[in-house]
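Letters A, B, C, D, E and F mark the chains in the order given here, with residues in each chain numbered from 1 onward.
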Amino acid sequence: MYYTDKLLQYPVRVERPDPVFARALQQAIGGIEGEIRVCLQYFFQAWGARGPAKYRDLLLNTATEEIAHIEMLATAVALNLEKAPLSIKEDIAADAAGGSVLNGMDMRHVLSTGLAALPTDANGVPFDTSHVYASGNLAADMLANVTAEATGRMLATKLYNMTEDPGMKDMLSYLIARDTYHQQQFLAVIEELGGLDANLPIPNSFPQEAEATEFSYTQLGFNRDGTPPPAGRWSEGPSLDGKGEYSQRPMEPLGGEPMLAPPRPGGGAQAQQMRGVAEGDGVLGKAAHAVKEALRE
Amino acid sequence: MYYTDKLLQYPVRVERPDPVFARALQQAIGGIEGEIRVCLQYFFQAWGARGPAKYRDLLLNTATEEIAHIEMLATAVALNLEKAPLSIKEDIAADAAGGSVLNGMDMRHVLSTGLAALPTDANGVPFDTSHVYASGNLAADMLANVTAEATGRMLATKLYNMTEDPGMKDMLSYLIARDTYHQQQFLAVIEELGGLDANLPIPNSFPQEAEATEFSYTQLGFNRDGTPPPAGRWSEGPSLDGKGEYSQRPMEPLGGEPMLAPPRPGGGAQAQQMRGVAEGDGVLGKAAHAVKEALRE
Amino acid sequence: MYYTDKLLQYPVRVERPDPVFARALQQAIGGIEGEIRVCLQYFFQAWGARGPAKYRDLLLNTATEEIAHIEMLATAVALNLEKAPLSIKEDIAADAAGGSVLNGMDMRHVLSTGLAALPTDANGVPFDTSHVYASGNLAADMLANVTAEATGRMLATKLYNMTEDPGMKDMLSYLIARDTYHQQQFLAVIEELGGLDANLPIPNSFPQEAEATEFSYTQLGFNRDGTPPPAGRWSEGPSLDGKGEYSQRPMEPLGGEPMLAPPRPGGGAQAQQMRGVAEGDGVLGKAAHAVKEALRE
Amino acid sequence: MYYTDKLLQYPVRVERPDPVFARALQQAIGGIEGEIRVCLQYFFQAWGARGPAKYRDLLLNTATEEIAHIEMLATAVALNLEKAPLSIKEDIAADAAGGSVLNGMDMRHVLSTGLAALPTDANGVPFDTSHVYASGNLAADMLANVTAEATGRMLATKLYNMTEDPGMKDMLSYLIARDTYHQQQFLAVIEELGGLDANLPIPNSFPQEAEATEFSYTQLGFNRDGTPPPAGRWSEGPSLDGKGEYSQRPMEPLGGEPMLAPPRPGGGAQAQQMRGVAEGDGVLGKAAHAVKEALRE
Amino acid sequence: MYYTDKLLQYPVRVERPDPVFARALQQAIGGIEGEIRVCLQYFFQAWGARGPAKYRDLLLNTATEEIAHIEMLATAVALNLEKAPLSIKEDIAADAAGGSVLNGMDMRHVLSTGLAALPTDANGVPFDTSHVYASGNLAADMLANVTAEATGRMLATKLYNMTEDPGMKDMLSYLIARDTYHQQQFLAVIEELGGLDANLPIPNSFPQEAEATEFSYTQLGFNRDGTPPPAGRWSEGPSLDGKGEYSQRPMEPLGGEPMLAPPRPGGGAQAQQMRGVAEGDGVLGKAAHAVKEALRE
Amino acid sequence: MYYTDKLLQYPVRVERPDPVFARALQQAIGGIEGEIRVCLQYFFQAWGARGPAKYRDLLLNTATEEIAHIEMLATAVALNLEKAPLSIKEDIAADAAGGSVLNGMDMRHVLSTGLAALPTDANGVPFDTSHVYASGNLAADMLANVTAEATGRMLATKLYNMTEDPGMKDMLSYLIARDTYHQQQFLAVIEELGGLDANLPIPNSFPQEAEATEFSYTQLGFNRDGTPPPAGRWSEGPSLDGKGEYSQRPMEPLGGEPMLAPPRPGGGAQAQQMRGVAEGDGVLGKAAHAVKEALRE
C-alpha cells in the first residue's frame, strides 16, 4: 500500500519558461528512457518477485521513489509551459531569435492539456507498457534495471546540457545523482548474488549440458569472404564465466534449404502455387486454369 | 551490404507438428525477448556507432547472425503448422487429450498467413521498433544487449522445457548456446573497455561534480514509518565504481508543494477553475455563472 | 512524494489457482478498464491541475490508492499461476473437464515472466498511455473518471461472476465497493462545482455566442428518407443546461462539394492526375505520356 | 446501410492556407479527442446495442453525422496545405515572421500524402481503436460519450482560438455547436433512464449486497501522516445515489505481505532465487554453484 | 455527408452461435485485412483526392459500402456470442468435444463488451490507422486497394471454409463476391488510366532521367558466392513498362565503409568512445580515466 | 543464412549536414513506405513461401538487398546530424534564415541516440510489424510488394525534391532506380504466373460458384438519391478477368434490421436495458428499481 505527503522530493524551479524545452522534458516522462517506464518496471518486478524477499522490498522501495520523479518532471513541464502561446497571433508576437515557438513545442500541450505534461515522449508518442521488463529472473532483471538507469542518466545529462535555466539544471543534477545511485544499487544486488560471473549464463538454472556447448563460447564470423570477425577479449582466452575458452571461426551453414509442404486446398493460396509448378514453365496460366477446373468438379 | 546462401544456419526439424507450440515459438520471433528485436537492435547500434570501428564491426557481425535465427524460427513455426486445422470440423475430428487445437493456436496462422510465421509475439501482438535500444553509448548498449540475450536465453530454455519434440529440442539447444555466447561477447566488450566499474556511472563522460553528489551513493528509504529500506551490498561499504561510500537514510521531501498558475482564458478550463475558487466555497455555481457573464461582455 | 508499507490494502487469497482466470484478471490490470489506467490518469490530472488545490489533492489521494489496487491484482494473478503447466506434457497430464490449460491461459505468463502478472490486458495487448485522459478541464476530467470507474466496476462484477473461488470473490467485492465510491466521489466534485447543468456545455469558459447556436440544441436527422431520428428527452423540451430548447430536424447539406486544387508538380502524383483529365476521356495513356514528355524537356 | 450525397455538412473555407494549423487540425481528426474516435465509438455502441432499440437508432444517427465531421476536417487540412513548401528551398524563400514552415508542419503531409489529411493526431501518432469505448452498458457508454464530446468541444474551442482565419473560425463554430448538442443529447438519454442517480452505481444490475458495502461510500485517506484527505461533498452527507452516507477515514492496510511461492525448476529463474537464500547470506555464489551442480546430476 | 436506413446490406443469420468463430470473425472487422481498414482507406483517399473528380466519387461510393460491411460483421459477431459462457462454471457445463469455449474465445467479448464485436483483430489487437494507405498517387492507391481486397477476399474464403453454419456461409459468400468486384473495380481504374504499363514506374510524374537508370531494369544478385539470382520474366527481355531491357548481375558494393565522426562532448557517449581508442589497445580503462580527468579540469 | 562485407551498396555523401532533412529521411527508414517494412515483408514472405521455390529465392534475394538500403539511409541520417545543436544556446547561435533547427529536427536524435538514426518515421512513431504483409498467396503478396515499392519510390522522389544536397540527390537517385526495378520485378512474377487477369479473383483457388456471383461484377451505388455512381471501365463491358460482364445498379438493402437478444443477467448491462423497456416509457427509473429489487431476492 502507498501513501503521499503531496510534497516534491526535490525543488522544481523554472526561471525562464521554455515550451520547447518542455517538449524535450517529455522524453524523461514518457520516453523509453523515462520515469514511467522504470517506475512500472520496478513495481512489476516487485509484485512478481519469487525468491528472497529483500530484493522485492528493494524494488518496491525504488519504484516508490520513481513516482516522485515523474511528479517532479511533470511539474517541470507545466512550469515551462506557463507562457506558451495559445494562438498563432500570440506566437508571432512573441517571436524572437529562436524562431516560432509553436513550431517547436508539442502542440498537444496546448490542444490536449491545460498546459501540462502528457504521458508521452518528446515526439508525442505514448508510453506503452511492453517496455516493462520483468522476467522473473533476478539477474536478468537487475541488468535490465542498470540499463534503464544508464539510458535514463544519459538522457538527463543531455537535458542538463540543453538548457541554461538554473532551476532546471538544479533539478536535473539531482535526478542524475539518483540515476548514478540506482546503477550502483542494482549492480550491488548482482554482487551480492555472487558477482556477475557466478550468474552466467543467465538463466543459470538451466542444465548447461543440454545446450549445444560446442557453440557456447565461439565467436562465429559472418564476413562474406570468410575473413575473421573483429578479434578481442571475446575471441580468445578464458570465458568470463570461467567455464569455457573463447574461440573464433567463420560460420558455414549446418542446415540445408528449408522445405515447406505445398499450400493446402482451402488455405487461400493461388492455384499456381498449389500445382507446385516447375521452374521455367512458361504456361502457368494453363496450370491455374486446370486447378480451378478441378476445383469446380 | 549483405548476402545470402539460402541455407539454414542449423537444422530445423519437427517430428510431430504442433500448432499450439507454433504459437509459443512466435514469442521468440516477434516478442520483446525475440530475434527481430536483437537483430534490429544490433544493426541500429552498428549503423550509428561512433568511436572505435571494431565495435561497429562486432555489432554488424552479430546482427547478421540474428537474421539467420529469425529464419530458423520462422521455419520452425511453418513446420509446426503443417497439419493445423483449417476448419472447426477438422479441428473437432482431430481432437485428442489436449483439447481443441483451434482454441490454443494463433488463429491468424490460418486466417492471415498460409500456415506460416507472423512477425508477432505469442499473443499476436506485433513487434514495434521502440524496443530497439541504441543509445550511442557503448557501455549502455552492451548492457542492453546482455539483457536482451539473457531474456532471450530464458525464453529459449522455457520453450525447450515446453516441448517433447526432439527436432525442436535440438534447434533450441543451438539457439541457447548462441545466447550463452552472446552474453559472454557483449560483457567482454565492457571488459575490454576497462571493466564495468571503470565505465560507471554511465555515461562516464559527464563531469560528475555537476551532479548532486550528496545523493549519488545513498540509498533513500520510502517506508511510510521511516524504517530503513532493506540493507545489503548497496547500503554500506565502498561503492562499486570506487568513487564513493554507500550509505542509507530515510527520505524526507526537499521540495514544497508544486504551485502552478491558474488556467488562462482561452485554454479550455472550466470557469470555476479560472476563478481560483477558495476551498470550502459552497456557491461555486455562482462563480461559474459570474465568469461566464463576464466572458459575454 | 510517496511511501509504502509493503502491505496489501485488502487480503488476496486464492484457494484453487486457475491460470485461465489469471488471464481474465489481466484485463483489470492492463486493460483500458483497468487499474494502471486510472492510476496514471488521476496522477496526470493531479500533476497538471490548475485551479483550486483541493481537487488536486483529491486526485493525488485517489491515484495513490490505485497503486495498491494494481498491487492486489498483480498478486492475484501470481497466485492463480502457482501451478500453471510449464510444458505440454504437464498440461496434458493435468487435463480435466475444462480442456487444455495452455490453450486458455496467457502463454506469456510462462514464457515472459516467472508466473507473474504482465502490464497487459486479457489478450496480452500492452497498456498504452494514450488512454490517460487529463484535459485540464475539471468537469471533463471528472466525467472521464466516473466513466473509467463505471467500466472498471463493470469489469470487476464480470470477473466476480466468472469465478467460483471464495478468495477471489472476496477481493473483487472490495474492489467493486471502491469503484462504487469513486463514482460517487467524482460526481460529488461536479455537484460541488454547481452541479452538472451549471458546468455545461463543457468547457463553460468559451463564450457561447461564438458558436453557431442555431445548431446547439437541435437533433439533426440522418435517415436516408428524411424521416425523423428517434425522439426522446433530447428532441423536445428545455435543454438540460437551461439555455435552450431542444428541437429536431432532418439534416440537409449546407456545404457544397469540396474542391481541392490539382496535384502540384513534384508532389508525387501520377501524370494523369496532374493533367486533370476530363471524365470520359478514353485516351488517358496518351495524357500520361504527354505530361511525362513535357517533364523531360 | 449507408448513403452519401458527396456534399459537405457545412461550408469549409480557408482564406489563408496555413500548414502549421493543418497540423493542429489533425488532432481533431485522429487524436483521442477527435472525430474518428467518436464516429467509431458510436457505431460500435450501436452495432452491439442490446435493450431498447431507440438508443441504438440514436447512436447510429449520431455516428452517421460524425463521418461528415471527419470529412469536413479532412477537407480543411487539405485546403490549409495548398501552398505548403515541397522543398527546403521553397520553405526558406517563403519564410516570414513565423519561422520555417517545414519546422512546424507535419512533414508527412508532404512525404506521405498529396498534401492531404492523415488519420493521425497533431504529432503524427495514428489513431488506434482501443479508444472505442463500447461496454454494452448504456449508462457507462452515455457517460463515455459525454466525456468524448466534452474533450472534443474543448479541442475545437482551442483550435478556434488558435487561428485568425475567418473560414476556419466559421467551420469550428459549427463543430463547437454540434459538440454542445451532443453533450446535451447523451445526458438526456441518462435523464430518460431515470436520471444519473437512478443509474448508480454503474452497472446497477449487480446485486449491491455482494459488494463490501462498508467501503462503498467511504473516502479513504492515503496521507502519510494519517491526516484526512480533502473534505468536500464526497466526504459527508447523503451519497448521490441516495443509498448511503458519505464518510471519511484514513486507510490502514487490511492485507498482510503478499507471499508468492519460490520459483519452480524449469521456470527460468536464477539458481540463487530457487534456493530461497536467507537474507544476510554472504556466500550466495556458493549457493548458485550448489544448485547448478545438483541440476547436473 | 452521409445517411443511413438502419437496415443490413445483406441478411446476417447465425444458426448455431459459436463464440470461437466470433473470435475468427474479428479478423475481418479489425484485422489488417479487415473492413475498418478498407473503409477508412477509401475515405481518406477520397477526402484527399486531387485530380479528376470521378475517382474521388468512386472512392466515396465504395467507402460508404464498406461501413455496411463492418456493420454486417459486427452483427455476426454479436449473434455468435448469444450463448457465450459468462462463467467458468457455465463453460465447463457446456463443454463438448471442442474443448473449453472460454479457452478459445476472446475473453474480452465477455469482459469488455455486452457480448458484442470489438474493433480489434482475432487476437484482440486494436486496429490502428497507420494501415490507411492514402498516398495521393492514384495508381499507387488503386494497387493498394486491389491488394487490400485480395487479402480481404482471402480472409473471407478462409472464414467460409472454417464454419459449417449455413447463415454464416451465406453472408460470407456475399462478402466474397463484393471483394471480387472491388478487385475488378480498382484494376479497371488503372485500365482507364491507360493500363498498368502506362503508369509505371509509379509515380510516373518524376523525370526518369534523374534516377540512376543504369540500375532501373537490372536484377542485382546477393548470393554469397556470386551465383546469379533466380532468373525469370524479370531478368531478361523487354521491361513491362516498355522503357528498358531486363538484365541481371551480381551486386558488388559501390560505396566504401561508412565513416561517422567520433562522438561529441556532451552527447552522452562513453569517454572511451570519445578518445577514439585504437583497436587492440589493452588499457582502455586508462583512456576513460584520462578523458574524465580532462573533463573535470 | 546471411553474410556482410561491411561496405555500403552505393556511396552516401552529405555535403551540408541538415538535421531537419535527417528527420525527413527517417520516413524512408521507419515509415510505412520505408525500408524496414519492405525488408521484413520480403523476408517473411520468403520464409513462409509454399509453392515453386524460385519465388522464395527471389524474395530472399530482394530482402537481402533491402538491408543494405536501411543501412544507406541510416548512414545518411547520421551524416546529416553531424553538426546538430546539442543545446538551445548552440541552436540560437547557429540560427539562420530557416529558423530554429531544434524546432524542426527530431529531438530524439539528440536525446535518445548519439546523433544517429532511429527505427521510427519522420514524426518519431516507431515502425510496427503489423505492416508486414505476407499472406501466403503469391499474387496478393506480389501486388502488396508493387504497392510498397510504389509508395517507396514516391517517398524517395519527394525527398529528392526536398533537398539541394548533391550527395543526397545522388544517393536518392539510386534508391529511386531500385524502386523502379522492384516494381518491374514483382509485376513480372505475376506476368510469369499467367498475367494479372489469370490470377483474378485473388485467391483464384476458391471455387467461384460458392460466391454470390450475382454481385461479383456489379457496381453498387450508394448515392442517397439513387443516382448512379460514377461510370467507367468498371461499370460496363467485359470484366478484366474475362469471366463476367460489368454492370451497375443502386443498392437497396437486402437484410432487415439486426435483432440482438436483450442483455443477459450478469453481463454488466444496466437494469433498464434488461427490462427491454418499451420506447416512450417515462418511468424508466422505476423499471431499474424493480429489476434491482428482483436481483436482491
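Quick note on the criterion: a contact is a pair of C-beta atoms (placed from the backbone, for glycine too) under 8 Å apart; a residue touches a chain by one contact, two chains touch by 3 or more.
To keep track of the chains, here are their UniProt names: A, B, C, D, E, F = Catalase.
From a predicted model like this one, the values you see are computed outputs, not experimental measurements.
The fewest steps needed to get from chain C to chain E, moving only between touching chains, is 1.
When the contact pairs of B-F are matched by residue number against B-E, A-C or C-E, over half are shared only with A-C. Rounded to whole angstrom, the centroid-to-centroid distance between chain C and chain F, based on C-alpha atoms, equals 25 Å. For this pair, chain A with chain B, the centres built from the Cα atoms lie 5 Å apart. Counting only residues that touch two or more partner chains, chain A has 1-9, 32-33, 47-50, 54, 57, 61, 64-65, 71, 75, 78, 86-87, 99-100, 103-104, 110, 112, 114-116, 120, 123-126, 128, 130, 135-137, 139, 151, 154-155, 157-158, 161, 192, 202-203, 206, 208, 222-224, 230, 251, 253, 257-258, 260-261, 263, 266-269, 279.
By the touch criterion stated above, chain B contacts chain E in their complex at residues 1-6, 47-54, 86-89, 91-92, 95, 99-100, 102-104, 106-108, 110-112, 120, 123-126, 135-139, 192-195, 198-199, 202-209.
Chain contact summary for the complex, chain B toward chain F: residues 1-9, 30, 36, 40, 43-44, 47-48, 50, 57, 60-61, 64-65, 67-68, 70-71, 74-75, 78, 112-120, 126-130, 132, 134-137. Partner chain A is touched in their complex by these residues of chain B: 3, 5-12, 32-33, 54-55, 57-58, 61, 64-65, 71-72, 75, 78-79, 82, 86-87, 110, 114-116, 125, 128, 130-131, 133, 135, 137, 139-140, 143-144, 146-147, 149-151, 153-154, 157, 160, 173-174, 176-181, 183-185, 187-189, 191-192, 196, 200-203, 206, 208, 210-224, 229-230, 232-234, 239-241, 244, 246, 251, 253-258, 260-261, 263-264, 266-269. Those residues of chain B that touch chain D in the shared complex are 154-155, 157-158, 161, 224, 230, 266-268, 279. If you check the complex, the residues on chain E that touch chain B are 18, 20-21, 23-24, 27, 31-33, 97-100, 103-104, 121-125, 155, 158-159, 161-164, 222-225, 251, 253, 257-258, 260-263, 265, 267-274, 276-279, 282-289, 291-292, 295-296.
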